[in-house]
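What follows is a set of structures to go through.
What follows is chain A paired twice: with chain B in the first complex and chain C in the second.
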Partner chain A sequence: MNWQLYDTWLVITGALCAMACALPGAQLVLRRRSMMGEAITHAVLPGVVIAFLITSIRDPLVMLLGAVVIGVLTTVLVDFVQRSGRTEIGASMGIVFTTLFALGLVLIRAFADDVVIDPHVVIYGSIELSYLDQTSLFGWSVPRGAVVNGGALLINGLVFLVFHKELKLTAFDESLAAAMGFRPRLVQGILMAMTAATAVAAFETVGSLLVVAMFIVPGATAWMMTDRYGPMLVWTLVLAAATALLGHVAALVVPGWFGFEGMSTAGSMAVMSGVLFAAAWAFSPRHGLIARAVGRRQLSLRIAKEDVLGLLYRHEEGARSGDRPLTAGDLREALSVSRSIAVAALRGVRSAGQVTIESNRLQLTEQGRVAARSLVRTHRLWERFLWERLGLRPDHIHGTADRLEHFTSPAMIEELSAHDEGEDPHGRPIPPAED
Partner chain B sequence: MLAEVQTDWWDSFVRALLLRDANTLWVVAGVLGLGIASGAVGSFLVLRRRALTADAVSHATLPGIAVAFMVMLGAGFSGKSLPGLLLGAFLAGLLSMVVLVLIRRTTHLKDDAAIGITLSVFFGVGICLLSFVQQLPTGNAAGLETFIFGKAATMLAADARMIGIASLVVVVMVVLFFKELGAICFDEGWAAARGWPVLALDFLLTGLVVLVTVLAIQSVGLVLAIALLIIPASTALLWSHRLPVVVLLSALLGGFGAWFGAMLSASIPRMPTGPVIVLACAVLFIASLVFGRRGIVQRWLSRRSLARRVDRQHLLRACWEIMEQDDVASVPLDRLIEWRSWSRRRVGVCLRRCTGRGLLELREGGAVRLTEAGRLRAGRIVRNHRLWEAYLIRHADIAPSHVDRDADAIEHVLDADLISSLEAVLGATAGSVPPSPHVMGGEGRP
Partner chain C sequence: MTQKDPEQSEHVNEASGLGPEHSSGSPLSIHDLTVAYDRRPVLWDVDLDVPAGKLITIVGPNGAGKSTLLKAALGLIPSTSGRIRVFGKPMKQQRSEVAYVPQRESVDWQFPVSALDVVMMGRYGAVGWCRPVGRRHREQALAALDRVGLGDMAARQISQLSGGQQQRVFLARALAQDAQLYLMDEPLASVDAATEQAIIEVLRTLRTEGRTVVVVHHDLQTVEDYFDHVILLNMRVVASGPVSEVFTAEALRQTYGGQLTILSEASERLARSNDVGRS
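And now, the complex of A and B:
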């Protein structure tokens, strides 16, 4: 890999663009309006073309204005079609944005000769060429794309800072916000205008089709990592910047693996945002697949370990002299969990010093007996409560008590002890509490 | 000069319209079949509220096309065989649906985010693969880009035939499973309770959607393929809410839009097929939104006619009440205005409508009299009003001074059944108008 100043600027431009898009995008994801991002980014195309045709100058401000107007118009139109046609929101979005996008394409093709808009650039972006188009900023020569996207990021960041409270509240609870005197529809309008303007700023960098990835994916990935608004925005920005860096590195490295020369950086950025999402999906400590699977396994392991103790205690309790002590095989059969969990549970109680195994015979240690007794006590207190207080039939309560015994807090045991009459409904003694 | 250009495209339009050459004939037939199939399938998709999932599918076809191209090239074929490319697109579309369902099932993200992620990431992969394809030594891969925006004109007769036949299969499937697909759209729980395999039917619908989308990308392009599924169906829903009608109408609209758009773009230079088809469908949608049976104009008209009927009935009741209160045979206009506290103009307009219908007649000196028909009508309304008031007082425990407003709104919509049950509950005699339970009169009104 041959890294040059060109590459650095490319990553900076891409990162600024991705971050500028990701901020409003995170809000859209929170509001369950992600597809509004898709709709607006497609719909601004005719706005840009018309603004350009009318003024016939490529003034960025005019194009921006056209985009903002049509962005807000898209929201209004979607709303209008939804209400007056009684159309479902998804369908009305689909109708509005495909129509506007089609209009934009027809306009581009029809006037392509007279206009300096390159359809290819608008649609696919040209981040690779952004370094060539330099402009001066405070006497420094920097790529114009970096300035445009940086400006968008700056403005979006300011709006997010100034309207932090409004944006946060209306995203989570519109009716509360309305009741508190905020104006959810106005805030939403501002958000949509922001989305449209940012999309136009991003067009030349990543193109109108891939910009959706920059809007939605970092925000959704951030939501996989955290449930809090502030940290989510920080994650969003970090992920967006990472998307640009990884995207460009991948665009330099990956083609070589297959013997190609290079590939679209914008496309590569979209793919990398997907890779980051997949990583969060799998590894997020909070909502990730692995974390959840581990959590589930730990829970079933704890339950299995407690069940081992309970089974041994009950066996001990009912055992007459000469009865065969339980073996590991008996327990595995009685636990009705997968073999791996049963084995792990046995190993767990043994290493915790609660159970001893001698020539395949299981025996509770004193420490194990104490733990088991408290568990059986909880179980039988529950049975008593379910029978006496809730009026359930004695032959129907074992299963319920069996589940509840694993999730009973000390405070609940305290309360249940009020019904301690020494015996459960089946006539077995409730072991006394330890002191 | 301009006229020359015009006759030029007019000529080619007519030639396309009259199907002068064989290739055009097939292309038109293929596009027409495609429009019909997507219209039919689209109506189920829209009714199931899954309109935007098709957007994810259509964007996801791009990597499938690119991979299919490279695989076919690697296997020594030309790489541009449409059936092969569409097979790749179909598999990628199905894969995107699997990813979509997985995200929806295993995360807390909602449908919209799941669709957005699937759509943009698959499309990004497609763009990357396309940049590989363009570097292949065979070179002539540029044609793949037509899938993004569609180009019916590049279709060969054989391709069009295949698309037409596949569309026919889709239509046959829709007809065969019509009842079942309808059931999962309206009431999934009911369908499950009937013992129908809801999951399999859902999969069937998904498969049909993917198939139609894949067929559409050749002519409409993958960015706009969703339009052919959504717009005709939404248009049809503006005309009817009966499923067979909606599906049929949607199929016809889709067919027409696709055919007309393809025709127009074939005859006008520099008109991209996909966008023109979409715009043709959109024009039909907008027209239906305004003029459809459930459109804006219709709804405005019916609201207006209701408002007028309510006004008329209020005026007649006012006449009756004044005649009853003041014990007069005709009602002076000023008294009427004061009674209803309407503007003079509103009373005038409403009066004219009532006289036009022969319910009221004007007397000299600005007085109004009920005609025989008017007396009958007014009596019935006053009776409805008072029956409802009596019901509210007796059975809803509302004070007599508070019932007038409520009865004012309800008197217009009481049907014969309701009236007879009110009579039964209140023990009222048929035909007679009971006295008012509260103080009457314009100024003294509660």
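And now, the complex of A and C:
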């Protein structure tokens, strides 16, 4: 990999662009209006072109204004179509933004083709060329794309700081916000204007197709990583920046592996944001696939260990002299769980000092017997409760008690044992609580 | 039918001199309120004066406009006509005196905030536009959570709370608003018996403090136990007054019309309680 100043600037430009988009995008994701991002980013195109046609100057501020006007108009139109027709929100967005986007393309073709606006650039972006277009900032020569996107990020960041409370409240509870006088529609308008303006700033960098990925994916990924609003916004920015860096590195490295040359950095950034989302889906600490699988396995392991103790206790209880002790094989059969869980459970109770194994014979230790007694006690208390209080038949209650015994808090055991002790519905003694 | 901004229509009415006939001190005074969705009236010619310092309930069949009445009073939805006064002044000037508890289903509980964050939102109105929330507000929010018995749940993400706990978080948020008038939309819907008692205790404390609480309620069985004043609503106000005077079998029949099962249960209970009263 041959890294040059060009690559550094490309990553900086891409990161600024992705971060600028990701902030309003995170809000859209939280409001369950992600596709509104798609609608607006496409719909602003005719706004840009019309603004240019009216003023016939390519002043970025004029174009920005055109985009913001039509971006806000898009939300109004989508609302209008949804309410006046029998269309759901997705359909009305589809109607509005495709119409406007197509109108924009037609207008470019008719009046501005290749002269000032290149439709190819509008759709695909030209981040690779951004380094060539330099401008001066405080006496330094920097790529114009970095300045434009950096400006967008700065403004969005300020809006998010100043309206932190308002954005959070209106996204969560519009009616309370309105009742407090916080004008949710005004706040939503600010958000949509921000989305439109950011989209225009990002067009030349990543194009109107991929910009949607910059808006939505970092926020959606961040939501998997955290359960708090502020940290989610920080994650969003970090993930957006990482998308740009990893995306460009991948664009440089991956083609070499497969023996072809060159890959679009913007496309690679979008792919990378998808990869990061998949990674979060798998590895996120709380909602991730792996975290949940581990949690499930730990739960079944705990239940299996408790069942081992219960089985040994019951065996001990019913054993006459001369009965052979249970073997590991007996237990594995009785547990009806996968072999790996059963093996892990046996290893677990043994290393906890609750069970000894001598020449394949299992024996409860005193410590294990105490734990097992309390478990069997819970089981039989439940059986009694289900039989006496709920009137279930004694032959129907074992399975239920078997599940409940693993999830009974000490407080609940106390509640259950408030009724006098004695025997369970099958005539077996309920072991006394620890003395 | 033209839809007017509620605030605008107030000025119109004021100019035409309709003001004085309604008591200016009532926590919530509604005059000639009509609300329509798609030209179908939901509330029609509603006049109400809510008494101060009482627990007030709004009951009525599904679709009677109970939630709409609260929302229209708050100016959350446009009304066709009507004048709303809160302690004698337009709602716009009295926002800090009014706390609102929307229905639990109206928000997304997956939203990345903790119980404490939600309760702190109750202080936002007092903080004002664009100003940050301070430590003082945080402590007020914690105190409100404690009052509903959820002090140890402050850091929980809100989707990890039970339905009853979520409802109490909403109540704590309203407490944090520290208002004089509380408007609550079904705060007792699908909560367990213990939560219901806890919520009622908080409402009674609010009454003791001289605050006014208006609750949309669905359970006719408990109206007499919990509330002082009842508003029977079915598009229009069928009856409004002290529970002991207004909550009669006849008024319920007028309110609920054909919904006989609820009705017969309630009137049976009424008959029983009257017997007890006599003996």
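Throughout what follows, the second predicted complex is superposed on the first by the 425 of 435 C-alpha atoms of A that agree within 3 Å, B and C clash if a C-alpha of one lies under 4 Å from a C-alpha of the other, contacts with A are read in each partner's own complex, and residues count from 1 in each chain.
Just so it is clear, a contact is a pair of C-beta atoms (placed from the backbone, for glycine too) under 8 Å apart; a residue touches a chain by one contact, two chains touch by 3 or more.
In this text, all values refer to a predicted model and were calculated from it rather than measured experimentally.
Visitor: According to the stated criteria, A:M180 is in contact with first (chain B), second (chain C), both, or neither; which is it?
Guide: second
Visitor: Would you sort A:T327 into first (chain B), second (chain C), both or neither based on which partner it touches?
Guide: A:T327 sits against neither chain B nor chain C.
Visitor: Just to be sure I read the superposition right, which of the two partners does A:A171 touch: chain B = first, chain C = second, or both, or neither?
Guide: Once the two structures are laid over each other on A, A:A171 reaches chain C alone.
Visitor: Mind working out whether A:T55 is in touch with chain B, chain C, both or neither, as first, second, both or neither?
Guide: A:T55 contacts neither chain B nor chain C.
Visitor: Per the contact definition in the header, classify A:G37: touching chain B only (first), chain C only (second), both, or neither.
Guide: So A:G37 only meets chain B here.
Visitor: Would you check which partner chain A:M263 touches, where first means chain B only, second means chain C only, and both and neither mean what they say?
Guide: Only chain B is touched by A:M263; chain C is not.
Visitor: Quick one: is A:W223 in contact with chain B, with chain C, with both, or with neither? Answer first, second, both or neither.
Guide: In the superposition, A:W223 touches chain B and chain C alike.
Visitor: By residue count, is chain A touched more by chain B or by chain C?
Guide: Of chain B and chain C, B contacts more residues of chain A.
Visitor: Report for A:V162: first if it touches chain B alone, second if chain C alone, otherwise both or neither.
Guide: second
Visitor: For chain A, which residues belong to both interfaces, chain B and chain C?
Guide: After superposing on chain A, chain A residues 32, 223 contact both chain B and chain C.
Visitor: For the complex, give me every residue of chain A touching chain C.
Guide: 30, 32, 162-166, 168-169, 171-173, 175-176, 178-182, 223, 226-229, 231-232
Visitor: Any idea which chain A residues touch chain B in the complex?
Guide: Touch list, chain A to chain B: 29, 32-35, 37-38, 42, 81, 84-88, 90-95, 98-99, 101-103, 105-106, 109-110, 112, 123-124, 209-210, 212-213, 215-217, 219-220, 223-224, 251, 255, 258, 260-264, 266-271, 273-274, 277, 281, 287, 289.
Visitor: Which of the residues in chain B end up touching chain A in this complex?
Guide: Those residues of chain B that touch chain A are 46, 49-52, 54-55, 103, 106-113, 115-117, 119-121, 123-128, 130-132, 135, 148-149, 223-224, 226-227, 230-231, 233-234, 237-238, 270-272, 274-276, 278-279, 282, 285, 289, 294-296, 299.
Visitor: Considering only the defined contacts, which chain C positions touch chain A in the complex?
Guide: Answer in residue numbers: 71, 74-76, 92, 95, 98, 100, 102, 106-108, 111-114, 117-118, 121, 124-125, 127, 129-133, 157, 173.
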